[in-house]
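First chain A sits with chain B, and in the next complex the same chain sits with chain C.
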Partner chain A sequence: MNTKKILNGKVLRLSLLLLLFTGLTSSSKMAGNYNGLVVITHSQTSVGQLKKSVFEKMIFGEKQTWPNGKAVFIGLCKPTNPTGIQVAKDIFDMSANEFNKYWLGLVFEGKCKAPALFSDEDDLINFIANTPNSIGVISESSYKTKVKRITINN
Partner chain B sequence: MRISITLRIWLTVAIIVLIFTILIMYIVPNQQEKYFINTFNTEIQNLAKTVALGTNIALIENNFEGIQVAMDFAKSDSRLEFVAIREIKPPGEKGRQFKHTYPPDYPIDSMQIDSQKVIVKHAPFSSEMMSGEILVGFKTDEIKSNMHKVRVTAMILSVFVFLFGILLGLWLARTISKPVKAIRDAAVKVGQGDLTQYVGNRSKDEIGDLSRAFNNMVNELSSAEAKIREKNQALIHTLEDLENKNQLLSDEKKKSDNLLLNILPKETANELKQFGSCIPRMFESVTVMFTDFVKFTNISEKMTPEELVKEIDYCFRNFDKIILKYELEKIKTIGDSYMCAGGLPQVTEDHALKCTLAALEIQEFLMEHKTERLQKNLPVFEARIGLNSGPVVAGVVGSNKFAYDIWGDTVNTSSRIETSGEVNRVNISHSTYLLIKENPMFKFEFRGEISAKNKGELQMYFVNLV
Partner chain C sequence: MNFNRIFFILFFVLTTVVHSFSQVTQIKGFANVDMRYTEDEDNLMYFLGEQDLFITSRVTDKISFLGESVFKYSPNSPTSFNVSMERLIIGYNYKGNHSLLIGKHHTPFSYWNDRYHHGRVFFPTVDRPLLFRQGLIEIHTTGLILQGLNLGKKKYGYQILVGNGIGSNDFSDDNTFKSVTAEVHAKPKRGMKLGLTGYMDKFSSDAKDHHSTDAHNDSIPVFDIFQLSGGAYFTYFRNKYEFLAEAHLVTNDNDSVGMTSNQSFYAYAGYRIKDKIVPYLKYDMVTIDKKELFFKQSIKKIASIGVRYEFSYLAVAKLEYNLITDAKDKSKNGVYFQMALGF
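Right, the complex of A and B next:
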């Protein structure tokens, strides 16, 4: 019983600490789970979780390969779409214009392939579902199981 | 300066080839360069426009697929020096200028771009978000490289064309000049008389036609020469025949002339030949001689006709020699009578003298001949000779069997003087005596006036050499 109590007490403390940490980082854009946003990938992608720093390098076009060396294909919502606006704001910390200019600059400098941008999240999901080694960000409410969800760790 | 046909053809071809070579070497590369530059400019401009279009789509529709394809296409071009996007802010608007280049950080300020090495084209883009321009810069190396290749190719081609042209020129010159020279050489030999020349050109062009025409000409000339040679040969034969005939004619004429001269005086014969007739002519003073063998009939009966004729012939031949010696003219013989005259047809002053001397020599011959025949116991002839001087008419009468004869009383008197003479003596008339009486060579025996038939009394003289 004591052990159980002790364990329950530890779990409770860990939960509290976790809740505290989550609460502390929920307002940050670099949080492991962006508010209402889900990072998805092709269902056959072996990667199930990514470090946030790695994810951000990938989604910013700075890292163009998966840890296993496969090329990354980025799919995002257009910044005219609410999800797209949120992604631009929460992940890229940019306005819609800045988001466009950012990618335009990258394309011009040849640093990375331009992401596929979709007006509709379902189209984005379909793109991810049909494109191996792709990665994208959708709203949590739009998530569908035909794509794989990637957990972003800090 | 003489320019041969070979050199002329070769020079013509060489000039054409040279012009063509210059065209290939200079004009073609220049045109090619312009074409390259135009194509290059158009290509760069189109690429800039494509990138600008992709940019517009990306900015307006948030679709980067177009710009990505355009950029990939641009980057894949080895001639690309840079591609850039540059924001052009409205006047007065401040803020950081959006500017990106590929390769990153490429200095796109125009001052830093060598226009000789890089061609830059601008294409504008415009959206609500941003306006600006796309700059695409292409290296001109490729143009230069291409131009270099074109020039090298053109030069190699030019060399080939030039060499080919030279060879073509030589070949042309050879194919044209060689048969022409052959025809010329053959023509020279034909001109020197060698008609065996043949030009063996069988080409089907004008040179071939010329060769065939030349060969035909030589054949025709050869045939003509053979015909001329045949005709010449025939002509030579004819000429020889004619010469033979002429010779015969000449011989016959000479015989005829000699014959004519035998019966006619030379001048009379010439006149007769020239005019076909002879005008009788008066001679004021001639001496006529008659000889006559005494007792001819009686003596001739002792001889055969052949012997008689032979004897008379012998005597008369010697008479002929004697009167020829004294340039007298034999008139005729009538049986045993011999008649001659001096002073005609050439008028002479000494006809009486010559006739007297001839008469005395004839008597001397007959005396000697008589001695010879007597020694042989053969019958002998003795003659009387009479001379008379005076005028006569001489000429040729009749149309055949011409005979030069003299007419007149002098002739008749001369005959009477002979008849009135004596054997072995020369009896002369008074008229003759008057002509020679002063000559110291003679001595005269006046015989007195002797009756002559139908003439009455005539003074006569025997004449002898002193």
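Right, the complex of A and C next:
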């Protein structure tokens, strides 16, 4: 009887620890809201906020249209500059090599349109400012008002 | 008056379209040069692979183009090389993630065929699986695809292809029966994909299988073949882990010998030990039915061990050892090296 109680107690403690760990890891994932990065779009895009899951599908090339049915144009920094490296790491969870391979593979497969990749962040901002229905990610410090900021909600 | 009005409206619409959409065209290339040493040839040989010219263009908001032409060695050509149109696809994205694609496609019956096909720089190994080399699948189909991708939370997808089939070329079809290819898949986790495929076609045994390989028997009587095939695949490529497995059953039914069942299976596993280095293993086998007349068996199985070195995502070197077992259960050793580039 005692052994059963002890065992039940151990199981209970272990379960609580597991729950706590799961909660911690999942909450840390939720909180990881791309620190220092800003999601931007063309100034005339009607969308001001996106669910994180929807944004990720868009930026991964998996969602080809905006809610209004217009085609999405993706613009990103090449993972050769610090913002590009951070985007590859924080959003795509990939190294620069994996990021490049991912896009080339998708385009070669014919399943996705190639994103526009820029070495310079200002060029990316200009691309977004001049391309209706575009979406991109820049660093917080580079943000300019000629593009619209999109809030990402968990 | 009316004509002027129509002209004005047309001019306005066209100029608006041109101003609101700028065409984006990309041209890429892929090439490979290989070396091999096999026990039976007993000679180290260098050989050219393919030079692949790949063009994609976003013509309008909804219409896209994909073209792929390959320059490759061809012993029957006067110059020993020929150019083949491998893919020519015009796509129309009619709603959300649903599209219609018309043209010449890589038949989505096999994951490898749909995903890699030509670009050796993407191949995890040196060569394609035996499924291709033994001609078990129709690798190209000219026809119409109805496609939906990344649907719902599990990112379901489908591809239904109706095309000319095995007995055809890029301009005509030998018979009125259209081939049907169906593929459904899900991507439940990033890097993971699993799917089911099916293929159905009817053709004559003397069909010049333009879209497939030269691996078929050409000295058999003329009769109609009804081909029905099914397959499944699972793939996981994420972080350090790489895994890919495919299995197919291809049945040929004819009045001469009845139904034959032919199987193929391969599995690949790799582990990235360093950022640029991936050692890997592959086991690949094809079993041709003893009654089979259309397919012929030259290789039964290949066990491979190799290493891939990625200088970058556009420059990959592979060194691979193969233990090859032929149709007579005779084994031979082979060592292969490949340098594959994208540019």
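The rule we apply is simple: the second predicted complex is superposed on the first by the 121 of 154 C-alpha atoms of A that agree within 3 Å, B and C clash if a C-alpha of one lies under 4 Å from a C-alpha of the other, contacts with A are read in each partner's own complex, and residues count from 1 in each chain.
What we mean here is this: a contact is a pair of C-beta atoms (placed from the backbone, for glycine too) under 8 Å apart; a residue touches a chain by one contact, two chains touch by 3 or more.
Since the structure is predicted, the reported quantities are computational estimates derived from the model, not experimental observations.
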item: Superposition on chain A - do chain B and chain C clash or fit; value: clash
item: Chain B versus chain C as contact partner of A:149, first or second or both or neither; value: neither
item: First, second, both or neither for A:80, with chain B first and chain C second; value: first
item: Contacts of A:117 with chain B and chain C, given as first, second, both or neither; value: first
item: Partner chain in contact with A:70 - chain B first, chain C second, else both or neither; value: second
item: First, second, both or neither for A:57, with chain B first and chain C second; value: second
item: First (chain B), second (chain C), both or neither touched by A:108; value: both
item: Partner chain in contact with A:132 - chain B first, chain C second, else both or neither; value: second
item: Partner, of chain C and chain B, that touches more residues belonging to chain A; value: C
item: Partner chain(s) touched by A:100 [first = chain B, second = chain C, both, neither]; value: both
item: Superposition clash, chain C versus chain B, among 3-11, 39-47, 93-101 or 129-137; value: 129-137
item: Doubly contacted residues of chain A, that is, touched by chain B and again by chain C; value: 97, 100-101, 104-105, 107-111, 113-114, 116
item: List of chain A residues in touch with chain B within their complex; value: 78-80, 97, 100-101, 103-105, 107-111, 113-117
item: Chain A-facing residues of chain B, complex; value: 55, 58-59, 62-65, 67-68, 71, 75, 83-85, 98, 100-104, 129-130
item: Chain C - residues contacting chain A, complex; value: 20, 22, 24, 26, 28, 54, 56, 58, 61-62, 64, 66, 87, 89, 91, 93, 95-97, 101, 114-115, 119, 122, 149-150, 153, 155, 190, 275-276, 310, 312-314, 342
item: Residue numbers on chain A that touch chain C, as the complex places them; value: 53, 57, 62-65, 69-71, 93, 95, 97-98, 100-101, 104-105, 107-111, 113-114, 116, 131-132
